[in-house]
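Pasting the structures here.
In the two assemblies presented below, subunit A is common to both, partnered first by subunit B and then by subunit C.
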Partner chain A sequence: MTADERFQQNKTVRGLLIALIARDLRVLVKTPWIIFSRGLAFLVQIFVFAVLMSRLVNVPGFDFFTYYAIGTVLVTVASIAFLTGYDVYEEAETGMLDYLLSLPLSRRGYVLTRAVGGALRSIIYVTPLYAIVAFIEGFSNLLDLAGSYLLIFLLATGITGLSITVALSIRDEDRFDVTLALLELFFIRFSTALYPQTFMPLAASVVAPFSPVSMTSDVVRSILGHGTVDLTVMLGLVAFVVSMLALGAAMYLRKIEGGYFD
Partner chain B sequence: MNLSYSSKIFFIFERDLRILFHDKISLVLMFMNFAIDLFVSGVTFSQMITGFNYFLFIAPGATLVTAGTVAFQSGREIFLEKALRDLSPYHLTLPVPRYLYVAARMAAGVIKSIVATAPGTIVLLVIYSPTTPSGIVGPFLVIALFALAGAALSVMAAIVSKRTEVFITLRSTIQLYLTFLSTAFYPLEFIPAALVPLTLVNPKTWAVQAFRHLVQEGSVPLQDILALALTSVFLATLAAAAYLRTTRI
Partner chain C sequence: MTVIFQNLSKNFKNVAAVRDFNLAIEDSEIMGLLGPNGAGKTTLILTMATVYHPSEGTVIVNGYDVRRKPTLVRGMIGIAFQDPRFDRLLSVYEVLEWHAKITGVAKQVRASRLEEIMRRLGLWEIRKRRTWALSGGMKKRVEDSKVFIQRPSIAVFDEPTAYLDLQTRMLVWEMIEEMKEEGRTVILATNMMDEAEKLSDRVTIMNLGSLVALGTPSQLKQSVTGGEVIEVKPSDSAKIDLEAIKILPQIEHIVASDGVLKLFVTQGRKTLPSVLEKLSEQGVTVESVYLKEASLEDVFLQYTGSKLTS
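On to the complex of A and B.
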């Protein structure tokens, strides 16, 4: 292959990757009602639930509103990231996946692109909400905000990878719905996103540190509060992202080679 | 075949109940959701709140969340039959008056809610251990009345929605209102004055209050149960009127 041909091929692959990511992002524009309802849910949780609960919670030195506001951003990101699994499942059901897999992209490249597309969609969606929380909490250090933003993006990438893996490993629609709903429930409720580990019941507090949502929320709170960052927790989050992407790619290889409908 | 009205209504009930039991995994999921709501989130919040037993305060809300979700299936089914399955014209040809048809669909939503919430309600009865018959039977009546309001709201959402995402948005918004602008999580005196009117017309406010009184004291103030019943019946009448108006030839 000549250098010119290689250049042309790389250009095509790059174009395809961008097109796939743009396709995932277009879903945001196509679903304004869903954006409205999730945005409203976020605002009600912050300005009604968190405000009123912070009047009830009486733990010295603990600011429930700040804690919950940051957690709500992470919970929203996680929920949106889980939606990519539904898209992939629908594509597999309608046969669109067969076409997508005929594109001149490696399976790994395809999974990575879908995960990044889903994560970008989540992060774009949550940016105004993140800005609202940063504004009301007075987080103004750009480096802290950017670092936290990057971690939220990582979490979204990992969860998107997980939802793609689930979408490709379960064929029955009801079972798929239930599995994804359960995973979302466990990832969020058994995490430190909405409440601190010390107040959780024993069983939940034992598993909470292993939730990637906990890992992200702990590190994000440390960064925004100018505290120290636990590197092992960050490594745990990175390990989650890498393993979910690898699992997603493996699922594509296992399930798709020879045809999904076989 | 000449069937009586009661038999026809029974068939509508039976069909809706079959839909509920068709998806058994969802029933299990709903119970798990209830259990996690109560024994993880509920217990955690109660550790952070002192001065009163917050766990017992929020427990009725957990089972009413399930009741609301299941009651909303009435409207969801009507929406799916109208917008996606094209079954509504067929249903309108059935030899059942339309007012009875829509009433039966909402009543089926109530029965489905009682069935789906039964495991959770039993868990709550074990926790509260009420000693009077009204403390044991009353919560089921409260769930039925609240589910009627939920079913009515869902039928109205189905009537005004033409697209799936509009119905989903209305469902989420209504559930958001029912959950967060009620006294399920916080006492009325903590709610800002501007939000109090919205809280007072919320059927969940009266449902959780009636539930708490019944399981803790064995009786319920007339005001609570009357407000819940009136709100639910009013919403059901409104939903039936809206259905009759939109299906008029």
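On to the complex of A and C.
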């Protein structure tokens, strides 16, 4: 294959991957009511709940409103990233997956684009919300904002990979719903996104550091607060993303190998 | 040869969906694929399209082995699924435009081809409508349009005219024939005998995952023992003693299905009075009786022992 042919082929593959991601995003803009309702929920969370709680919680040197506002962005990203699992489950059940898998894409490319598409969808959802938080809190260092944005994207990609894995591992609809809900509960509620580890009940405080949502929340706060990054936590997050993507890809291949919902 | 199935088997756990399947489909041929639900038609198509890995054997598509060059093979095949497969939230135009884009329809011709096919199939006026709001027939037109717009080297249609009115059905047939004239190979999975007979150069009959018969429609009809069929609808089929009828020398084979007896015979005109006489002797009242040449339906019945549901 000549360099020119290789370039053309890569261009085609890129075009296909972009088209697949664009599909995810196109479906997203077709559901403005979901964006609106989630946006509204977010605003109520920070302007009612966070304001109220920050008045009730009075710890010297600790600004609960800022803490909660950043955490809410992370929680919203995580819960939207989980939605990709529901999409994939529905696609497998309705046969849409057969169609998608018959398209001229490599399996690896397909899984990667589903994860990235799901992550981008989450990012697009929260961008206006993140902008509100940044504006209120006066986060203006562009480098810090870009770094935190990248971390949020990584978290969304990893959770999308996880939700795809679950969607392709469980056949029973009720079990699938319960499993995803439990994972969401563990990842979000047992995390340091919305409350600091020091104030958590013992059981929750033991598991909280292992939640990727905790890792991301802590690093994002650290970047936005004093421009520093804990490399160990960063590595943990990257390991989560890579392992979830690998698991998602492996599940896809297993399903294709054996056929699914047969 | 465009597509060669070589000793192909596909198992799902302990269930053999396709068993040791061998078939060669010629270039620019319309190959009809007949079989009841669960015969393995869809599994066969999806294995060829590299959605499933073969358990044993392989499929060669335009010279490429599906096991070795799956992504390349995917680019050569377009499938119009039996049940429409597209995003419910997107409009008709968006669904088709996306399909054209992702299957590599050149940008220069994309818009004009979309418009041409959509106008022909009566979708242009409703192009902005979201697909969830469409009737079953309209959804089917959208599904078929995907392949007509894509114009792949190998076009697969799974029940292309289900839910369609007669006029649209004939139009879809015409468009499928045009694909053949353009040099494309068409695989047509159908439960409709008239469709298979009208469009197919050759027909493959599948049952329980295996190929049970292959030939042109006329070859298959000639293969029916006797070549003629007496179809009798008795008032009470349970009363009939089939053995007493089978002794008539012109009767080759009898199949009872859904309260109707099909007698595969030679010299039907001569045999018919004897059959009626035998039934009368058994006290059976006949509601209706037909003598006809064997059809593809009869071929199917002979090879599989069951009727093809449509």
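A few notes on this one:
To be clear about the criterion, the second predicted complex is superposed on the first by the 249 of 262 C-alpha atoms of A that agree within 3 Å, B and C clash if a C-alpha of one lies under 4 Å from a C-alpha of the other, contacts with A are read in each partner's own complex, and residues count from 1 in each chain.
Operating definition for what follows: a contact is a pair of C-beta atoms (placed from the backbone, for glycine too) under 8 Å apart; a residue touches a chain by one contact, two chains touch by 3 or more.
Since the structure is predicted, the reported quantities are computational estimates derived from the model, not experimental observations.
In the superposition on chain A, A:226 contacts neither subunit B nor subunit C.
Contacts of A:185 after superposition: subunit B is touched, whereas subunit C is not reached.
Set against each other, subunit B and subunit C touch different numbers of residues in subunit A, with B touching more. In the overlay built on the shared chain, the residue A:23 is in contact with subunit C alone; subunit B does not reach it.
Applying the stated contact rule after C-alpha superposition, one finds that A:48 touches subunit B and leaves subunit C untouched. Shared-chain residue A:31: touches subunit B and subunit C both.
Residue overlap on subunit A between its contacts with subunit B in one complex and with subunit C in the other: 31. On the subunit A side of its complex with subunit B, the touching residues are 31, 33-34, 36-38, 40-41, 44-45, 48-49, 52-53, 55-59, 62, 64, 174-175, 177-178, 181-182, 185, 189-190, 194-195, 199-201, 204. Interface of subunit A with subunit C (complex): residues 12, 15-16, 19-20, 22-23, 26-27, 30-31, 94-96, 98-99, 101-106, 256-259, 262. Against subunit A, in their complex, subunit C makes its touches with residues 10, 12-13, 15, 17, 43, 46, 49-53, 71, 74-75, 77, 79, 81, 83, 85-87, 89-90, 94, 98, 101-104, 130. Interface residues of subunit B, counted against subunit A in their complex, comprise 23, 25-26, 28-29, 32-33, 36-37, 39-41, 43-45, 47-51, 54, 163, 165-166, 168-169, 172-173, 176, 180-181, 185-186, 190-191, 195.
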